[in-house]
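So, here's a batch of structures to check.
Next, two complexes with subunit A in common: one pairs it with subunit B, the other with subunit C.
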Partner chain A sequence: MKFPTAILAALLLSACAAPALRGTGDLGIVIERAGGSVVVVDSSARAILGRVEGLGDLSHASAVYSRDGRYAYVFGRDGGLTKVDLLERRIARRIVQAGNSIGGAISQDGRLVASQNYEPGGVKVFDADTLELLADIPATFGDGSRRSKVVGLADVPGNQFAFALFEAGEIWVADLSKPREPKVTKFRNIGSQPYDGLVTPDGRHYIAGLFGEDGLALVDLWQPEQGARKILANYGKGQEKLPVFKMPHLRGWAVAGGRAYLPAIGRHEVLVVDTATWQEVGRIPVKGQPVFVMARPDGRQIWVNFAFPDYSHVQVIDTLEQKVVQTLSPGKAVLHMEFTPRGEHVWISARDDNRVVVYDTANFAKLAELPAQTPSGIFFTSRAARIGF
Partner chain B sequence: MTQYSGKALVALILLAPVAALTADPSPGRSRDLVRMVRQDCGSCHGLTLKGGLGPPLLPETLREKPAESLRYTVLLGRPGTPMPPWNAFLTEAEADWIVRQLIAGFPEETR
Partner chain C sequence: MKFPTAILAALLLSACAAPALRGTGDLGIVIERAGGSVVVVDSSARAILGRVEGLGDLSHASAVYSRDGRYAYVFGRDGGLTKVDLLERRIARRIVQAGNSIGGAISQDGRLVASQNYEPGGVKVFDADTLELLADIPATFGDGSRRSKVVGLADVPGNQFAFALFEAGEIWVADLSKPREPKVTKFRNIGSQPYDGLVTPDGRHYIAGLFGEDGLALVDLWQPEQGARKILANYGKGQEKLPVFKMPHLRGWAVAGGRAYLPAIGRHEVLVVDTATWQEVGRIPVKGQPVFVMARPDGRQIWVNFAFPDYSHVQVIDTLEQKVVQTLSPGKAVLHMEFTPRGEHVWISARDDNRVVVYDTANFAKLAELPAQTPSGIFFTSRAARIGF
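Now for the complex of A and B:
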């Protein structure tokens, strides 16, 4: 059979127009918080591939990834939940699921996306494909008439989600193995004003940082019957804390080499805890109040950024020496850092200078500067494979 | 140590409250203040000031409250809550200006 020339030409053209096949393992997004957009980036080429707009209010936005690394689920302040296709660089689905939201998580099996909400306070769970609502868990407390803001939502093994209730001072663990019938275990009186939480990389321990008192609350998820206990209690030793101009953020990146590195509230210190005994083993003085305290994936370095007014600096702690070995000034208002999957580079957002700066983590050389409008969070697809991300 | 004459001190004390009530910040400074409120206050109150960990700072939520107490909340914070004092970075006049702008509907950032 002979094809007419025109059809042949059309077939050839369409083949040319099809995008080249590629994986997503070295892709990511950068939140542009003021413009309601994200840029899709390639961490191998150190390049911006394109921009996706229309994501709503992205002040305090965060993202998790589908387990195939193709879709980012972006949680916006205005309750928007947007599923972004990194390959086609478009919005695949978008819903507005609450009035005021602070972040989210994806389940162990990748089939459930959960959003943590301030207004109305609680957690909502959605089908990761369709964003259909599957479960609504209101964060009611006290006599049942009040709802608490939810913070520190993290996926934990067993298709569970752990989170903390700011006003209530509680930690809840919701078992979503039957997505439409969540079973919630509540840990009460865990401490005053939990502000964020993390699950350790092995999925065993959930830790909520406390704002209203010195210390953190710890739950051993392997032995939940033991209840919650306080660690690093009274780390401030009764001294008045400094004003806190920005809440620190906690994630599983805190753990490196058998130790957890945690931001002190209202102090210019990183607290060091032994993860076998959960006893304090040191504290490291730093330039300001830590916001993100993030271990390089191999655990040899800890990178720290700071709250206003010290937020134009980043410091690097060497974990063998247990002290700061480098201070960098990537730009004004550093909001976030993200390591490439194996940690040879770090990407840092400088909000007020409208740029993302890439450093070599071995020698601290600046490798690239990429333009972005008021960049905040940077999220690489390698998060798809990590517990607690 | 700097010595102030008694007269100069009295003049300062008398002038200060008047200045606090009337002076507007310079255009450059007001641009910085707008950015600070939108971006840094915004990390708890939201870029659109609709609230977050902190309450909304919209005209309809603030109008009922006395401007005086709002000014002191900005300058001194609110003990028992995460609201910190901003008096190391703002004068009373600037705090007043921010409160007036919030009550009137806060300006957007200009680029």
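Now for the complex of A and C:
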């Protein structure tokens, strides 16, 4: 059998049409909420590289990254779990693992992906390579006949996951050192209706916000024998019954210089808390009801976005001066913010203006506007190297 | 012109012999000190992927990473600056930029690579893509006729570099926002003979160790108008004139939970310092004279290696218990340690046993031994996302 030169050239070309080699340290994705797609972005070039479609219902979607930074695991609201290949810009694997899901996490060693589910309530743990189900942890409580919604799932050192059970009022820590034999430690009676949770950047403290009462529940994961305790008893809606347009996201809580910066619920304030004592030490007035309160990686600035009707603004708090030093208007309906790994830039999604805006965090200059359809969450691969994301 | 099938197959194969696509988030290099080479490693597979040779004199070599994680910049003792492509495992570029050099840094935005030089004394700044020289900052001092050795170079937010001048007794901060027009702020009379320096993980405090007197010099980079001040006046060789087998590396200093863990000079101790007050709050006895004192990324453990004659051991301090909880013997002449990004493993180089040993940090189990020729520094790509590395 012989081949003419033209066919040979075509064969050579198609055989080598693989994407170019490149590092993955400066890649990321932007969730396109309405269309069930993500765009792959390059934070060095400040450019969109391409779009991956077919991810299902991406309202309230979030993502974590494989240890090598090549794959994003995208958790959809419809229980879809999609492994996206950022280099080839295609879906590598996809499963629908629950009826109603609210995000996930990846284990410290990168080998396990966990999803927190509303329906059926519980946590499922998958092999990060194959998405094979390895462990199913139903959130049963009380007499064992009911299952609770799971919220606030976060990875913890030691290949553990911590999460909270909304109806049960419990915090669980699951040790997945043997992935098919999870060992679960349960903290009971931690408070009424935990609605979200986070782990501090050092992986030591797990904190759940309470919807059914004021205050937060805290577990020192280094000293679990001390059990859960209540902190910030005045944190919450309080006596005044303020209208709350959107519950803030706890995952965004910022810890910087020994202080945590928390979104007040219903109030136009950011609370400042001493992380040694977990006592409130100050309040900073801001433009609206805070949703995400996020520290620039060096901790010098805290960036805040807001619930309706102030959701087209972003404010910047200087942590040395402890006050707002800048107000920006990136576009209509700001849903999320993401810092570049060392914090020189921030990417902000403006859903209703269909764009992502990039700012220089040193001088607040607008560096780029990138088109995206109803953008919401922005997630860079540097999250793979962080605890509690 | 026609091609037979066998030739076609060979052509297709060679046309596509490019390295396979892969993420770079779990890559790294190990310096092979004696041979002027590095091995490229995969921290997920715990495997050596290949060797790159021809890097010159790699005694006391160090490395930083490009923003995308694809390229390592290796600083050799002979003034060589080599850009190594981890994916293709070859030298992408190499220059000899000084006669005697002692390491370097990469700017916050990843666009500038800086080298600190002994001879001629100063800092040179290069384009990270091309290694073109952009700025030359001679370390002239006094009447302008002499140049000082430069030590302790570190990146600082705002595309700045901080460094210390050994003979001059000065700390300089160079703002490279306009790379060809560096603006240098000089802190004079900071103390006698600064021999190394570091910036805290939040990029706020620059600290230089002093060889000519006891104590350290500290600059609050958020409040440079306050100037430099002395801290820990008893830190140093002190009155007793203990034999010092090797000056500790300051870059390894660990900051965890509001405390810094410092190698005592000449003493078999790790000093514990409160980073709010910069006062000493404790001392932890260890097996030998500490060289590197490094925090596991979550801050729960501090790992310590030692100068001769105790240089074949490593000890682990538990920061909750404030004492040594483990002693390991990875091999002869332990020179460096590197944690995986989220801290589940640590890689340790044992120079005289020609191996790198990987441990599980949770249970101290030995996971792997990898062959390397006279291994010294180990550097993972996750450094690209960290401040002050």
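The criterion applied here is as follows: the second predicted complex is superposed on the first by the 362 of 389 C-alpha atoms of A that agree within 3 Å, B and C clash if a C-alpha of one lies under 4 Å from a C-alpha of the other, contacts with A are read in each partner's own complex, and residues count from 1 in each chain.
Following the convention adopted for this analysis, contacts are C-beta pairs under 8 Å (C-beta built on N, C-alpha and C of every residue); 3 or more make two chains touch, one makes a residue touch a chain.
Values in this document were obtained by computation on a predicted structure and should not be read as measured data.
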Seminar exercise, completed: Across subunit A, the partner (subunit B or subunit C) reaching more residues is C
Exercise. Once the shared chain is lined up, is A:147 touching subunit B (first), subunit C (second), both, or neither of them?
Worked result: neither
Exercise. So, A:247: does it touch subunit B (first), subunit C (second), both, or neither?
Worked result: first
For this session: Could you say whether A:83 touches subunit B, subunit C, both of them, or neither, answering first, second, both or neither?
Result: neither
Exercise. What is the contact status of A:60 with respect to subunit B (first) and subunit C (second): first, second, both, or neither?
Worked result: first
For this session: In the overlay, answer first, second, both or neither for which of subunit B and subunit C A:33 touches.
Result: first
Exercise. Taking the superposition as given, does A:351 touch the first partner, subunit B, the second, subunit C, both, or neither?
Worked result: first
For this session: Would you tell me which residues of subunit C are touching subunit A in their complex?
Result: 1-5, 8, 11-12, 15-16, 18-19, 21-27, 43-44, 65-71, 86-88, 108-110, 155, 157-159, 177, 202-204, 222-223, 256-258, 276, 297-300, 320, 341-345, 362, 381-382, 384-387
Exercise. Taking the complex as given, what residues does subunit A use to touch subunit B?
Worked result: 33-34, 57-60, 77-78, 100, 102, 118-119, 149, 166, 193, 195, 211-212, 243-247, 308-309, 333, 351-352, 374
Exercise. What part of subunit B is in contact with subunit A in the complex they form?
Worked result: 35, 38-40, 42-44, 46-48, 50-53, 77, 80, 82, 84-85, 88-89, 109
